[in-house]
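For reference, chains read A, B, C, D, E and F in written order, and residue numbers begin at 1 within each chain.
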Amino acid sequence: MLDKVDGNAGQAVVEGLRDIAPDFATYLVEFPFGDIYSRPGLDLKSREIAVVAALTALGNAAPQLKVHIGAALNVGCGKEEIIEVIMQMAVYAGFPAALNGLSAAREVFAKHANP
Amino acid sequence: MLDKVDGNAGQAVVEGLRDIAPDFATYLVEFPFGDIYSRPGLDLKSREIAVVAALTALGNAAPQLKVHIGAALNVGCGKEEIIEVIMQMAVYAGFPAALNGLSAAREVFAKHANP
Amino acid sequence: MLDKVDGNAGQAVVEGLRDIAPDFATYLVEFPFGDIYSRPGLDLKSREIAVVAALTALGNAAPQLKVHIGAALNVGCGKEEIIEVIMQMAVYAGFPAALNGLSAAREVFAKHANP
Amino acid sequence: MLDKVDGNAGQAVVEGLRDIAPDFATYLVEFPFGDIYSRPGLDLKSREIAVVAALTALGNAAPQLKVHIGAALNVGCGKEEIIEVIMQMAVYAGFPAALNGLSAAREVFAKHANP
Amino acid sequence: MLDKVDGNAGQAVVEGLRDIAPDFATYLVEFPFGDIYSRPGLDLKSREIAVVAALTALGNAAPQLKVHIGAALNVGCGKEEIIEVIMQMAVYAGFPAALNGLSAAREVFAKHANP
Amino acid sequence: MLDKVDGNAGQAVVEGLRDIAPDFATYLVEFPFGDIYSRPGLDLKSREIAVVAALTALGNAAPQLKVHIGAALNVGCGKEEIIEVIMQMAVYAGFPAALNGLSAAREVFAKHANP
């Protein structure tokens, strides 16, 4: 599930934890990806829309927002849909949050080949 | 659009502003609902999933979270989908945010007849 | 300075701390009011505009927001100016923050006689 | 572990989830209490100090802050220590966060018999 | 209004959106600057004091805080007044928020010639 | 007290304020370190656990989090204890906050020789 959603970015996060908090890598795989993402009640596309929205609104976790913009592309969200989600956050968390979300999206999109 | 998404709750918010900030009611109709919700690039169901996720994660706007849990039901989200979105926020904003979101959902669901 | 800015509300806060954290009442008088508010570089009206803006944007300290909307009235801000500050926060912290700020203002204004 | 830390309050949270999100009750027991609290690297008193500090600083999860002020008492923190932790948050998250944390502590202390 | 308040920084933000979210540039000009800043009930200096306070307190939008510290200078705030606003946020959002706001101010002031 | 807790990092913060806000350096020494840290009701180790927890959870003050991870080491916290505090914040503020806290810890630990 981690591979399917986050691709290489997810593996990089897990690898990066091996030296400092290896058990946390286990929790990260087990709870979010094993328990939550695998649940049948919501499709993966909707799950990533929810995460991109939340991290854009919180505005204090740029690395994870970028991983999940990439994950949204991986599970089938179009770039236009992602932009719409981020723009909508201007209404609920203010224009600065949306502007910084759009900057993150521009950076992630530049590294992805899919249109 | 306001009626379609928020139903009576949206009208109540607009009416409540008439005495203290009538122009703000106009902005609320024009920018979020006129400009953003009407855009074709994302369906209304996904838009409400994004809002429920963001307001659950922020955790500081309970009245608006309840309005949008109701709005999610209005535009076709199932109760199970809404619960999944809120539960997922435990991963991104912590268990307290998700627990308080679930309390809001219980309250809103109790007032809605649809299964 | 506490009396001038917050009036009875400030005294009530200080009194309320006597049983549980009396030293904190001392710090509250000394640092914010003794050190900060007394500084000559910014007038009290601008100071209260800054506080109302910040507490509206943060959205997680409703009791203190109400005290400072009252304080803004006490130091000479007009109701219209306070409403403008709160409305403007929709741009920087989202519409829910502004809506909840306006609710706080309505409640405080109802208790104040000055026009 | 849930019983030891949260006592009846923890059981009440778990019971309250049975109707709306029963699996979330399972996650709540498994990840925070099964995985995290049981780890040997930090004593329970320090864990509760960390939680009371974090929830006071975040300022958007009052019900959970109260549960954990009670939990801090349950695992051996003195009332004075809890007050010190909350007061210290004035430095890192502002006086309103600390004042609201002190109000929560007053309410919880009133229900606990231990000195 | 955008030019008057934000100067070149505002134009740069709008230009930067042309490739990824051109409609958002339109909304940014229309709602905050067309609707809000142009309202007569609050002078521009007070509006920028409110924004600098809010963005300092939120602490999660450094690029926009810098734009608005510059905007505050553009509409006639003195450097001392801006420093006072940011320092005051230590009381309402904690010392870290104020320290990071002061760092932003130092950076912006270094690029501005006016005393 | 500032030297004892923060070591060189604290002095650097104070020095950095001399040009832009010298009085704020005074407040920083007087209120947090003079008033709060010197209080007898809570040991310094517990105080730093509280601060590391709060700044990890808030997620918007990376420079100060790093200073206080160093301060925690200075007053006798073990690296394992600090990692446990940060990991625990995944429960209360989400996995992104904990992941970013762990990155901060890795950076600080690399500069400290003590095991």
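Some points to look at:
FYI, a residue touches a chain if its C-beta (ideal position, glycine included) is under 8 Å from a C-beta of that chain, and two chains touch if they have at least 3 such contacts.
This is a predicted model, so every value here is computed, not measured.
Contacts with chain A and chain C are shared by B, D, E, F.
Across the assembly, the mean Cα position most removed from that of chain E is the one of D.
Interface of chain E with chain F: the two copies contact each other largely through different residue positions, with under half of all numbers used appearing on both sides. A straight line joining the Cα centres of chain C and chain D is 29 Å long. Centroids built from CA atoms put chain F at 21 Å from chain D. Annotation for chain E: residues 23, 27, 31-32, 36, 39, 55, 57-61, 64, 83, 87, 89-97 touch two or more other chains.
Residues 57, 89-97 of chain A are the ones touching chain C in the complex.
By the touch criterion stated above, chain D contacts chain B in their complex at residues 13, 16-17, 19-21, 23-24, 27-28, 32, 55, 58-61, 63-64.
Residues 58-60, 83, 86-87, 90, 94-100, 102-103, 105-106, 109 of chain F are the ones touching chain A in the complex. Those residues of chain B whose C-beta lies close enough to touch chain A in the complex are 31-32, 36, 39, 41-42, 46-47, 49-58, 61, 64, 80-81, 83-85, 87-93. Residue ranges on chain E touching chain B, taken from their complex, read 23, 27, 30-31, 35-36, 39.
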